[in-house]
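Same chain, two partners: subunit A is paired with subunit B first, then with subunit C.
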Partner chain A sequence: MQDILSISQELSRGLFVTISILIASSLFAYLMGFISGLLRLSKHTVIRKFTGLYIELFRGTSLIVQLFWLYYAIPMLFGINLGSNWIIGVIAIGLNYGAYLSEVVRGSVEAVDDGQTEAAIALNLSSFQKMRYIILPQAVRMMLPEFGNYTIQMLKGTALVSLISLNDILYYGNILRSSNLSQAPLIYLVILIFYFVLALPLIFLTRKAEDISKKGVAN
Partner chain B sequence: MNYWSFERFFEAWPYILKGLHITVGVTISAFLFALFFGLVWTFLRRIPERHINWIVTWVMEFIRSTPPLVQLFFIYYAWPEIPIVGVTLSPFASAVVGFGIHFSTYIGEIYRSGIESVENGQWEAATALNFSLLDKWRLIILPQAFPPTIPMLGNYFIIMFKEVPLASTIGLTGILHMANSFGSEHFNLIEALTIVGIIFLVLSYPSARLIKKLEVKLNTRFDKNRVIEPIE
Partner chain C sequence: MTKPIVEYKDVHKSFGDVEVLKGIDLDIFPAEKIAVIGPSGSGKTTIIRMLMTLEEPTDGDIIVDGKNLWKMDKHGKMVEADEKHLREIRGDIGMVFQHFNLFPHMTILENCMTAPIHVKGEKKKEVKKRSIDMLERVGLGDKINNYPSQLSGGQKQRVAMARALVMRPKIMLFDEVTSALDPELVGEVLEVIRDIAKNDDMAMVLVTHEMDFALDVADKVLFLDDGVIAEQGSASDVIEHSENPRVQEFLSRFRS
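Take a look at the complex of A and B:
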């Protein structure tokens, strides 16, 4: 018991990094998801193709490869050092899951009944008004459960930032393990429980989102 | 020193490709493991006892919502330290068991969705025709439940393939590991990492397209609009 407490105390030093990366990268991913999801529906072929390239690039390769790549490439390509691995972690996770979320956004917008678009045209709404007042309010409801699921995936993804030497939960856990090998089972079990506790609110929110998305919809 | 060099880029290809069979090997073995273990979860969840059902559901949720990276570390570093049941596994075996267990929880859900998609009338018909339990599953339920799950299983195969490089952290000598060691020998990782990205893209993008085609084909054949998007 004493061990569990001291392990938890040590691990909780990494909570701030894990949570702040989760929040920042999920906001970034939601933004990217909406932008690229809507651009994917653009009338202009060039915009559609270009967005498609971004989506397929990030969906086709692994998060860990992207994280490492950006970690080495950003300072090289731009000749600048961002000065913080935190930003690199947020960019990598955000871009990766933004690509997945864009497919959710696109799918939901496309799933809104055609009659709604026709009604908007009949009412002489501009295409912005159509999106803002007719399509998105219906589409966002459908997206909610998937956004919840992907946020849980992002929480799992944040564990990777320990590999670019950010001091998250796993980082402190690995340090503990290296100084006390025989305690490894307990240490990793507590780490897993830490992540699970962080995931719990997300799990419940996702279930709630599923209820919301089902409510009042025929079929 | 820190700039892109095509010389290094071409030099790195054969070196990195030496790790490809390991990456693919782990993916296939872990997928087979997950296919089998997913079956176990599905059976456990069908036990008509509330408490058991509750426990199984939450154990699955626990495995699914914690990072596979930590689970790999647990299996590789922590398992050998557990008294009595502890065994030391090679990086290859650890990766197969780790990814296999992690993804079995997703695959179990896919099986379940397949079984639940079979209409009530079919179950009732099987009972009405006095089919035995075995015949009911073999002749009525499974032939209808399985085909629609094939594209979803395929998607998870690709997702797993993209997760396997995580195992380079426990010393699995797949492509990412080879890229890292090439990079540190030549003091620059960027070309090697780009190659790893290209390899993943070249292998996963066409397979994803193929599965999409299969999905459309199966959907028209079974005429059900219940395409479930996989969560990564």
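Take a look at the complex of A and C:
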């Protein structure tokens, strides 16, 4: 018991990094998801293709390799400094999950019944007004559960930033284990519990989102 | 002689290889009530959907109030209309759909208020009053804060009519508005249309399968068959006295 407490105390030093990266990268991913998801629906082929390239590139390669690219390769190749490790972690996770979310955004917008578009045209709404007042409010309700699921995945994805020497929960766990090899099973157990407890409110919110999305959508 | 508010000039429409409309010529005069009847698949709905700008004609012109709906003048050349051009003209046209197409995330009052506020830029207070009046007129004054999912089919269709009327169109299109309703709910919807037809001076085009109703409200009836207007005239001419065998065959299915 004493051990668990002291391990927890050590791990909790990484809480701020894990949580702050989760919040920043999920906000960034939501933004990317909306922008690229809506661009995917553009009338212009070039815009659609270009956005598609981003999506497939980031969905089709692994997050950890993207993280290393941004951290090691790009600064060496182009001499661009992308900022602190924290910022690089946020960008990598945000771009990666933004690519997945864009498909959720696109799918939800397309899933709104055609009759809604027709009613909007019959009431003489502009394309923008139709999107803003009729389609998106319904599409967002449909997106909510999937956004919840991906946010839970992003929480777990943040553990990778320990590999670009950010001091998150896993980072402190690994440090602890290297100085105390016999405690490894216990340390990793406590780490699991940490992530699970952090995920609980997200799981709860996702459930709530499912209830909301069941109401108020025409399909 | 008054000028027609809408003119169809040799309008064709194909979906893929299938030609649904094979040359429609039609004048709609202000305040005129027209019923469009005919077998399913004859292109009835397509006629009014092109006027609402939901389908683009393959060929021919539709003139609304003297302006070409689907074509516009650009540096002396007629080109395909853009959204701005379509919006300028279709503001005078309203439509009620078979499946209501109410906005499920809004109360029925909000359903009515959205377009006048955002499209016409009218004052919220004024629009609210007019919307409530209209919802009372269709018998739903006590439901203004309900959501569409809480209403019956007949009530939903009455909201859809109020929503279209609040925009004060000059032409109202009705696309088989009772076809999706349970039989016992048809009457309440027809009653509202009858009320509009008798008391409002807008032109109305009704695609319908309700022959008695067409006889009652329509000034003119079009019988559409295989993509052409096969017969037209006063309601009693077409529905009661037509000698066209196709019309008689079609109507015989409604009499048992």
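Just so we're on the same page, the second predicted complex is superposed on the first by the 207 of 219 C-alpha atoms of A that agree within 3 Å, B and C clash if a C-alpha of one lies under 4 Å from a C-alpha of the other, contacts with A are read in each partner's own complex, and residues count from 1 in each chain.
Simple rule for what comes next: a contact is a pair of C-beta atoms (placed from the backbone, for glycine too) under 8 Å apart; a residue touches a chain by one contact, two chains touch by 3 or more.
Not measured: the values here are computed from a predicted model.
Asker: Between subunit B and subunit C, positioned on subunit A by superposition, is the outcome a clash or a fit?
Answerer: They fit: once the shared chain is superposed, the two partners occupy separate space.
Asker: Tell me the contact category for A:A73 with respect to subunit B and subunit C: first, second, both or neither.
Answerer: A:A73 sits against subunit B, while subunit C stays out of touch.
Asker: Which angle, to the nearest 10 degrees, do you get at the Cα centre of subunit A between the Cα centres of subunit B and subunit C?
Answerer: 100
Asker: Quick check on the superposed pair: does A:Q138 touch subunit B, subunit C, both, or neither? Answer first, second, both or neither.
Answerer: Touch status of A:Q138: second partner only.
Asker: Examine A:V104 and indicate which partner it touches, taking first as subunit B and second as subunit C; both and neither are also allowed.
Answerer: In the superposition, A:V104 touches subunit B alone.
Asker: Give one of first, second, both or neither to describe whether A:S126 is in contact with subunit B, with subunit C, with both, or with none.
Answerer: Touch partner of A:S126: subunit C, not subunit B.
Asker: Per the contact definition in the header, classify A:P201: touching subunit B only (first), subunit C only (second), both, or neither.
Answerer: So A:P201 meets neither subunit B nor subunit C here.
Asker: Between subunit B and subunit C, which makes contact with more of the residues in subunit A?
Answerer: B
Asker: With both complexes overlaid on chain A, does A:G115 touch subunit B (first), subunit C (second), both or neither?
Answerer: second
Asker: State the minimum pairwise Cα distance, in Å, between subunit B and subunit C in the overlaid complexes.
Answerer: Minimum C-alpha separation, subunit B to subunit C: 21 Å.
Asker: Could you tell me which stretches of subunit A are touched by subunit B in one complex and by subunit C in the other?
Answerer: Shared contact residues on subunit A (touching subunit B in one complex, subunit C in the other): none at all.
Asker: Which of the residues in subunit B come into contact with subunit A in the complex?
Answerer: Answer in residue numbers: 2-4, 61-62, 65-71, 73-74, 77-79, 81-82, 162-163, 165-166, 168-169, 176, 189-190, 193-194, 196-197, 200-201, 204-205, 208, 229, 231-232.
Asker: Provide the residue numbers of subunit A that touch subunit C in the complex, in ascending order.
Answerer: Touch list, subunit A to subunit C: 113, 115-116, 118-119, 121-127, 129, 133-134, 137-138, 141, 215-218.
Asker: Once bound in the complex, which stretches of subunit C touch subunit A?
Answerer: 52-54, 83, 87, 90-91, 93-95, 97, 99-105, 114-115, 118-119, 147, 149, 163-164, 167
Asker: Sort out for me which residues of subunit A touch subunit B in the complex.
Answerer: These residues of subunit A touch subunit B: 56-57, 59-66, 68-69, 72-73, 76, 100, 103-104, 107, 146, 149-150, 152-153, 155-160, 163, 170, 173-174, 177, 181-185, 187-189, 191-192, 195-196, 199, 202-203.
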